[in-house]
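The structure that follows is given in the form of structure tokens.
Labels A, B, C, D and E are assigned to the chains in the order they are written; within every chain, residues are numbered from 1.
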Amino acid sequence: MEVVEMLEIQKDKIEEENKLSSGERLVVLKDKSCRALVEKWLGNGVDLHLCSVVGIDNEDAIQVLYYFMDRKDNTTVAVAVNLDHEKPVTDTIGDLIGSSVYEGEATEMFGIEFTGNEIARVFLPENWVGGYPLRKSWKKEDYFDE
Amino acid sequence: MISDIALFLFQSIVFPGVFFIVTLAFGSNWMYRKIYARLQRRVGPDSAGKYGFMQGFADFLKTASKEEIVPRSANQVIFRVLPIIAPVPIIVGIFFIPMMGLRGMISSPGDIYAIVFILTIVTAIEIVLGWSSGSKYSLIGASRSGMQLVSFGIPLIFSMLYPIIRAGSFNLMDIVLAQDGTNFGFLPRWNVLGLGVIAFVLFLISALAELEKPPFDTPEAETEIAGGWTLEYSGRSYAYILLMEDLKMVFVISIGVVLFLGGPLGPTFGISGWGLALLYFVYFSLKYFMVLIILTIISSGLARLKIRQIVFGSWSFLTPISIVFIILVMVLGGV
Amino acid sequence: MSKRDYTEFNLGPQHPALKEPETFRVVVEGERIVKAEAILGHTHRGIEKVAEQRDYNKALYLAERICGICSFAHNANFARAVEFVADVEVPERAQYLRVLVAELERLHSHMLWLGVLAHEIGFDTFYFLVWNDRELVMDALETLTGNRVNYGMNDIGGVRADLTPDIKGLLMRKLDELGPRLEKIKEIALKNKTVISRTKGVGVISNELARKTCVTGPTARSSGINWDLRRDQPYFAYGDLDFDVKVSTDGDVYSKITLRIEELFESMRIIQQVLEHLPEGRIKTDVRGKLDGSAVSRIEAPRGENFHYVDFRNSKEPYRMKVRAPTYANVVSSVEVLVGHYISDIPVIVAANDPCFSCTDRTLVIDRDTERYQILTAKELRKLSIETTKEEIM
Amino acid sequence: MLIIELIKNLFRRPETVKYPYETEGLNFPERLRALHIIDQESCIGCRKCARACPAYVIEMVPLTEDELEARTEKIKKKKVKPVIDLTACIFCGVCEDVCPTDCLNLTNHIVLPSGDKEELEVGD
Amino acid sequence: MKSITNWSRQKSLWLLHMNTGSCNGCDIEILAALTARLDAERFGVKLVGSPRHADVLVCTGPVTIKMMDAVKKTYAQMPEPKFVVVVGSCGSTGGVFRGGYNIYDGVEKAIPVDLYIPGCPPKPEAVIMGVAKLIEKLNGGS
């Protein structure tokens, strides 16, 4: 079954739907996790490919944007979840599809907690104390003297 | 008496002694690099001396003049002392080789024993050198070096057996003399021309392994273990290791020339005395460089093998082939 | 098997096999790899954060310097993303010129990779021969764009340099010279016994693993995933051009060599078509002022799919820029297949994906103390009580 | 076959160009972006290059007394002049593109290496 | 004796190439300088794998903070006399990334630098000129 069709069925779970400037559908979920959706897709044999996981600091909320592609019928869709700015938590999809490192990167850069994903550091060192550097409020002076 | 001693000293130190051998080693190093570069459509070293001939010497001198660092994890005594004495066995070994005349500087009824012993000792030294530097890469390099020794020992020795059987002697002079004269009036009776070509090929392969040149450069594989057993050495120690490697090349190739290509033999044109010695030397060096070029072409045309493949290939192909070959030769009575 | 049979050591960050600083920590038993992990992050330069303070014209040159080998792919991809947001039409001639440079870059990148792989397996002669032939492509690129590596060819809305008849003639000449040389390369690389023995059956990435880890590019195509963005989601002028996408199902290093060599010939074909059918017209549409909106652009870089996300919030500076380089997607799979192989295979398998860690590590890092690194895979590795390296040499 | 190729190579002329002693066969195309030349006579000090530079390496230095005196009619209003720090320059050529008087140009002469950063400045 | 030593140093420069966080551009250009077209081996230049064997440390890249220790460690492992050559803008001053807080803005912040080869990346010809310059510098007496 196509990715798009699956989305239509699950319409009640979608909060709002936009389009990116490049033409892809951007679906913002009501849920704080897209795990159910991905499980459904994979369960129905969709040839799913995850391009990337993008974290975005929206001042009021932390958004996680998953960019999926269905290789079979060549459709792309961006799925976003809005998380609490103070304590962003969502489910991992790393065990379903290879997103562990992308999620790890989002964890270290934005402080998003992916439940079930043990990778907390990809690029930064383990003893990192400099906060979440890609957040908009992050300032170098807060953490370092130089 | 005095003049004998003087001659011996002159022979052992200046010509064809240590000084000359070291020059030859550096020359071989330069030659190898130059041919290697040429095969890759490059020029190769050409700034040190005329056509870069002094390159090996420059490398040695520069390395020797550098600071020597001894890592804390190394075995202090062996690490400092062993590199300095490492080139000595090979120089002694080269003294056995008849270059100028039919007799080497040292000659005994059991030359081949000594040569095989020295070849083994050299690898043993490499293993100890690698082990004593106390680095993991060195250790892996040393163990690979040992594995190669074990794998290629039998083919190497068996390939050397063919000339011995033909000459019926372990003495290098006898082996050289057995290759004198011609077949059919024009073909020299070198061991390589005839059944001995199999032995020669076996010898070349084993020689590459002994020299640790590609495709058998696993003990020093730069992209895998970053230099292997030489990794931790610097300054004077490393200079001696470089010298040792160059000398090893001279030694192994010389053995090949003597055993299979008739050593210094060639048409004499009735010349005798010093002229003959010179002529012998010219023949010897021509053959020497021929073998060097062949070795370089082989080693540059192949990718490095894995140590497993080397061990496997050696035990399942080279060793049986060499054994069968030698049995054949014995049955045929040293054709 | 007792614990003392294990040796742990680090390849990198400074190691002759890895031209880039990256650490591979492997645990070996004898020479056999028991565990392997990649430690990323030595070339983080914080490009994503720095880009947030630069306007799009300047960030373009920042994107170019994400990676020196696939610089055009990053640069063009960023430009394409911004063009989506600005909603401008890029002139057709510029699209064709972008294809031209992209394919020239693919040629040079694949040849570079071949050379590097040959160097990893100790086959230096082949490395020198390939790199010598590569100079032809570099000359072509240099003459066309004005630089050998970071071409500076793109601008938002088009390209900066046009193809003059002189340069076209030179490109033709260079390509004519390159053709027979590529045939020679193909013959040497695919028929040499030692190359085959070092690469065949080594580092097999199965189709399942490839799908699970979402690998891209030649790595995916060698594992039987028939996917190429140039064909399936055409960008620039690829829709008008005729070329084949090669697929292999073996998944080993040898199939990757075959695949990339085939791609070299396809690139040659594409370049020839571009030179023949180059349309006339302008080469640039101007983009000015503030932008609003977000866009994703994906193009097929030499190593695989290159993902750029840009977000403008009524500003000239991107609010968020996210780059996902192909190596980032591929490195996990190559680390996973390392287990069970031998030390000699590490450089081969790692190099087989054509890793480009400077792409991967573009994000920010501040590190006060490099003594400890995070483990990427195989967390149970930590449970192995292994004597830590006394002095990290390399 | 590789072996045949190798033996051929042994007798072929190497492809090496003995740079810096000879330059025949090396590629220095017209478009090559290397060493800058600034014609301070025609520069009007408009700062456009400095603003456009992606690496922020063009510094607008105030003119000295002598230079202020020596201004010609054409550049009467000029108060600053561009100085380029080559050690940080990325040779993208944007400054050349934006220059309104065409006084800043990138030549195809490679920048010579130096041990002294002071030497690697253009414009002074 | 001293002059012979100096001569040997000029004729046999062994490089250790180290990427300190660059974009790869400079690295491939250094390798290109070693290949057939320009063949740096003419000057006795050789790439070595171990810092213990090297005379010249060739750095590329702005030194990311994670690489800082590795650079210092590698430099310390090299035997005297040793030289440092920086290739490219990033290594010299940070280049386009200059001011980024995650990098040290150049190799000179970590170790003393003897020669800068500017360019982004420098042409292989410039790398050869750098080698020639270094030899010249050695010739002038050290």
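One rule holds in what follows: contacts are C-beta pairs under 8 Å (C-beta built on N, C-alpha and C of every residue); 3 or more make two chains touch, one makes a residue touch a chain.
Please read these numbers as outputs of a predicted model, since none were measured by experiment.
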Other chains in touch with both chain B and chain E: C, D
Furthest chain, CA centroid comparison against chain D: B
Farthest chain relative to chain E (centres taken as mean CA coordinates): A
Averaged-CA centre spacing for the pair chain E and chain D, given as whole angstrom: 22
Euclidean distance of C-alpha centroids - chain A vs chain E, Å: 42
Computed distance of Cα centres, chain D from chain C, in Å: 29
Centre-of-Cα separation between chain C and chain A, whole angstrom: 24
Multi-partner residues of chain D (at least 2 other chains): 2, 6, 14-16, 18, 32, 54-55, 90-92
Per-residue multi-chain contacts in chain C, two or more chains: 15-16, 41, 44, 46, 49, 61-62, 65, 125-126, 128-129, 132, 138, 150, 192, 364-368, 370, 393
Sequence positions of chain E contacting 2 or more other chains: 35-37, 39, 42, 48-49, 66, 77, 95-96, 99, 101, 120, 123
Chain D contact footprint on chain C (complex, rising order): 54, 57-58, 60-62, 65, 125-126, 132, 138-139, 142-147, 150, 152, 160-161, 184, 187-188, 191-192
Contact set on chain D toward chain B in their complex: 2-3, 6-7, 9-10, 12, 14-16, 18
Chain E contact footprint on chain D (complex, rising order): 14-20, 26, 32, 34, 54-56, 85-92, 110-115, 117, 120
In the complex, chain D residues that touch chain C: 1-2, 5-6, 15, 27, 29, 31-33, 52, 54-55, 90-94, 97
Sites on chain E touched by chain C in the complex: 16-29, 31-32, 35-37, 47-49, 51, 61-62, 64-70, 73-74, 77, 90, 95-97, 99-103, 120-121, 123-124
